[in-house]
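Lettered A, B and C in written order, each chain numbered from 1.
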Amino acid sequence: METSYETIIIGGGVVGSSIAYHLSERNKEGIVVLDKKFPLSGTSGSTQAWVWVHNKTPSWYAEFSMYSAELYPYLSKKIGDVEYKRTGGLSPFFSELDREKAERLAEAYEPIGIKIKVLSREEALEKEPSLNPDIVGATYSSIDGNVNPFRLVDRYMRAAKKNGVQYSTYNKVTEIQKLPGKFIVRAEKGRFECKNLVLAGGTWSRELGKLVEVTIPINQLRGQILVTEPLKPFLNYTISGLRQAFNGEVLIGYSMEEEGFNRATTLDVIQETANMAIHYVPSLRKAKVVRAFSGIRAMPEDGFPILGKIPGVENLYVAAMHSGVTLSPLVGTLMTELILDGETSIPIDRYSISRFA
Amino acid sequence: MNAVETDVLIIGAGPAGLAAAFETASRGLQVTLVDESKSMGGQLVQQTQVLSSLPSIYQPMCGFELAAHLSRQLEDFEIRYLLGHRVIGFYKDGSVGITDEKNVFPLRAKKTIVATGASENAIAFPKWTLPGVMTIGAAQTLMNRNFVQPGKNAVIVGSSDFAMDVALQLSKVGVRIRGIVEKNTGVKANGTEKVEQVRKIGIPILLNSSIKEARGIGAVSEVDIQQGEDIWTEKVDLVCVDGGRSPILDIFYQLGCSFGHQEELGGWVPQYNNDFQTDCENVFLAGNAAGISTQGALLVTGMLAGINVCAALGAISKEAVEEGKQSLWKELESIETRSNLKVWQARNQHIEKFAHPVLKDQFIS
Amino acid sequence: MDKSTIICRCEEISLEEIVEVIANGARTFDDIKRLTRCGMGPCQSKICNCLVAGVIHEQTGMEFHQIPLPRMRMPISPIKLETLATNSTTFSSVKSVLDEVELEDGKVK
């Protein structure tokens, strides 16, 4: 096996694979993705996979998310069907206090081009008749949607491989050494060399950073998700908290727990999530839950992506974030620009790791 | 919701679970017995064959007789029966979530004995998903529990002792068995008498053979059997497959127990020690869940798990535990070395590896 | 075995599809599941688990003890949402999106 590369990307999840793919569009040679297990075995394979913009805060982060969401239709043309659906996103609310929040949100986002409608109860129920008639209203934006995360990562990976990218899986990186002009990366299956090194370790970013003596402040935040049996298509929109997939399954969940790397599910949260489902969409009562799963969010300490060069170490890059599914098309594009051109078409200074220094 | 409390929770009311219930309840412990079926006895209920190699205290009897006996011996004790109830998962504090199909409620046990039994493995060939293709266990259930004749003309794929039993029972209810198809060079069953009986009533045992393909519209109507170079077609409306059995592991997995692999015990098996205790301190196991074995051995493992739980809860004297354990292990050895030496050896190997499981920490990513 | 043989009957996944993703680097049941949906249906891999292990063994030469169990999940068998649901209307770990929008001086933070 060849061991000398132009670029090594550590992590083959949605972020790492998107970077690999976008980089390979321009630079066909010398890219390898190292993954400790197999793409989709981490967060990318355990998500509801909303492509979600409309109530991200603050507005500049929503704007960044919007640019990424806008890339999805083109991306699907390039890498193949990823079951991306721009359904529009609905966030129902149940109190007048939340209407106040919603109105302010809509006002704040108008200048940046994200149109948020604050729907009355009647308008919301007209759009999504299955919602609980007790809602007070909902926010709505047409830009939101969802994607099949398995398809997405698989397509990134296949397209990247077609462009010459190699994947070395079940190959955990154990040591990284910086020498003048190159990195030596030691992994379970051997030794690799490269000029550029990209850390895209998702939830494991902090551990990965330690190998290069850089603190990447990513924590773990568990979410538990329920999946129903396939139901007749009946939900029109991506509802914050639940969505219906192509095959009719409904995915439900919006829980947050600090449990480190523990991916167990618990009946406590499963039952609460069942309550939420029925609270939002009462007709789900009779639907059977066939499985529950946990995903661990890669949650930066301040919630925003950590993206770009790592100051002080030449040719070392990091891409670690929550909402990797939403952001992956843009992050792949911008990281490619940064690595090949030294600058990005959309500024990413705000997301630099240096903000934590 | 406040959890219901119990000393001992036994999950599974098959032979092992019932044996464990007797050991624990008869020593004064408060026992809760849960099973998704409304009746007790598990798979015993449809076993009409005489069970060989039962523990020495038992007369030879059929499965359904044994089930009745095991249920009857619990009658003197106050046991909380949760029949027709399912375990659906666990709460963060370790309580088990049980449903009566109306609600889910928590139950907290000092010790749990998991006796969830085994499931049958599938065998794949083109069109194995057609109706009329089923496991031998499913065919037996149709015949002996639902009193439905599962077909008129059948082939059986696999030649274990269980397959021989089912072949004989099917013949008895008038199903014509066109052949027992075995991919290996020898018959798998250990019981030579049964194999003789099968041969005697004219059922061909086809070695080195397999199902090449099934065909049918809406249901199976014929199969191609391949033996060496020869391929021929049999008109059948029933294909019974015997892919072996494996322990049912879901509950162990959710509890965070570790696993080891022993082919002779059915593949992946929860890791356990001499006391039939898993590496989760409060979780014990018994029966086929601890490795596929014969009915007699399953009873003994249930008794062993039961008295070890009594010991852990101080419901039995030290001397009585030691004595009981010793004699039960002897009984287990005697049954398993007689009926299937390889299972006995695999069980011992498995126990030796208690501290070195192959799969552990399955939820830590 | 013929390539078209169904391995996962719930999701109708064929041997051919499974062999293809193994050739693409998948090594465990869970890898195969995520790429093909094999084992994601109502039986939650209870039926196809041993068949898939057999295919992995044949294709890669991995021994059975090297092929880990598929991840098992709650609920241990399917259950209606209304049966799972409790009467509680308070949420501790479960949130709504607007919970995360904070206002400061009448403006979105």
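By definition in this document, a contact is a pair of C-beta atoms (placed from the backbone, for glycine too) under 8 Å apart; a residue touches a chain by one contact, two chains touch by 3 or more.
Chains and their UniProt names: A = FAD-binding oxidoreductase; C = (2Fe-2S)-binding protein.
Nothing here was measured: the structure is a model prediction, and the numbers come from that model.
Counting C-beta pairs in contact across A-C and across B-C gives the higher total for A-C. Of all chains, the one whose mean C-alpha position sits at the greatest distance from that of chain B is A. Here the chain at the heart of the shown protein, by mean C-alpha position, is C. Put simply, the C-alpha centre of chain A and that of chain B have 44 angstrom between them.
Per-chain Cα centroids separate chain A from chain C by 19 Å. Rounded to a whole number, the gap between the C-alpha centres of chain B and chain C is 26 angstrom.
Among the residues of chain B, those touching two or more other chains are numbered 88-90, 104, 254.
Across the assembly, chain C contributes residues 71, 74-75, 79, 84, 86 that each touch 2 or more other chains. Residue positions of chain A touching 2 or more other chains, listed in rising order: 41, 265, 267-268, 270-271, 292. Considering their complex, residues 1-2, 4-7, 9, 15, 46-48, 50-51, 53, 64-65, 68-69, 71-72, 74-77, 79, 83-84, 86 of chain C touch chain B.
Interface residues of chain A facing chain B in the complex, by the touch rule stated above, are 41-42, 203, 261-268, 270-271, 292, 294, 296. The part of chain B that touches chain A in the complex is made up of residues 88-92, 97, 104, 106, 254, 256, 363-365. By the touch criterion stated above, chain C contacts chain A in their complex at residues 24-28, 30-31, 34-35, 37, 40-42, 44, 71, 73-75, 78-82, 84-86, 88-89, 91-98, 100-103, 106-109.
Note for the complex: chain B touches chain C at residues 1, 36, 86-90, 99, 101-104, 119, 121-122, 124-126, 128-129, 213, 243, 246, 249-251, 253-254, 259-261, 263, 267-268, 358-359, 362.
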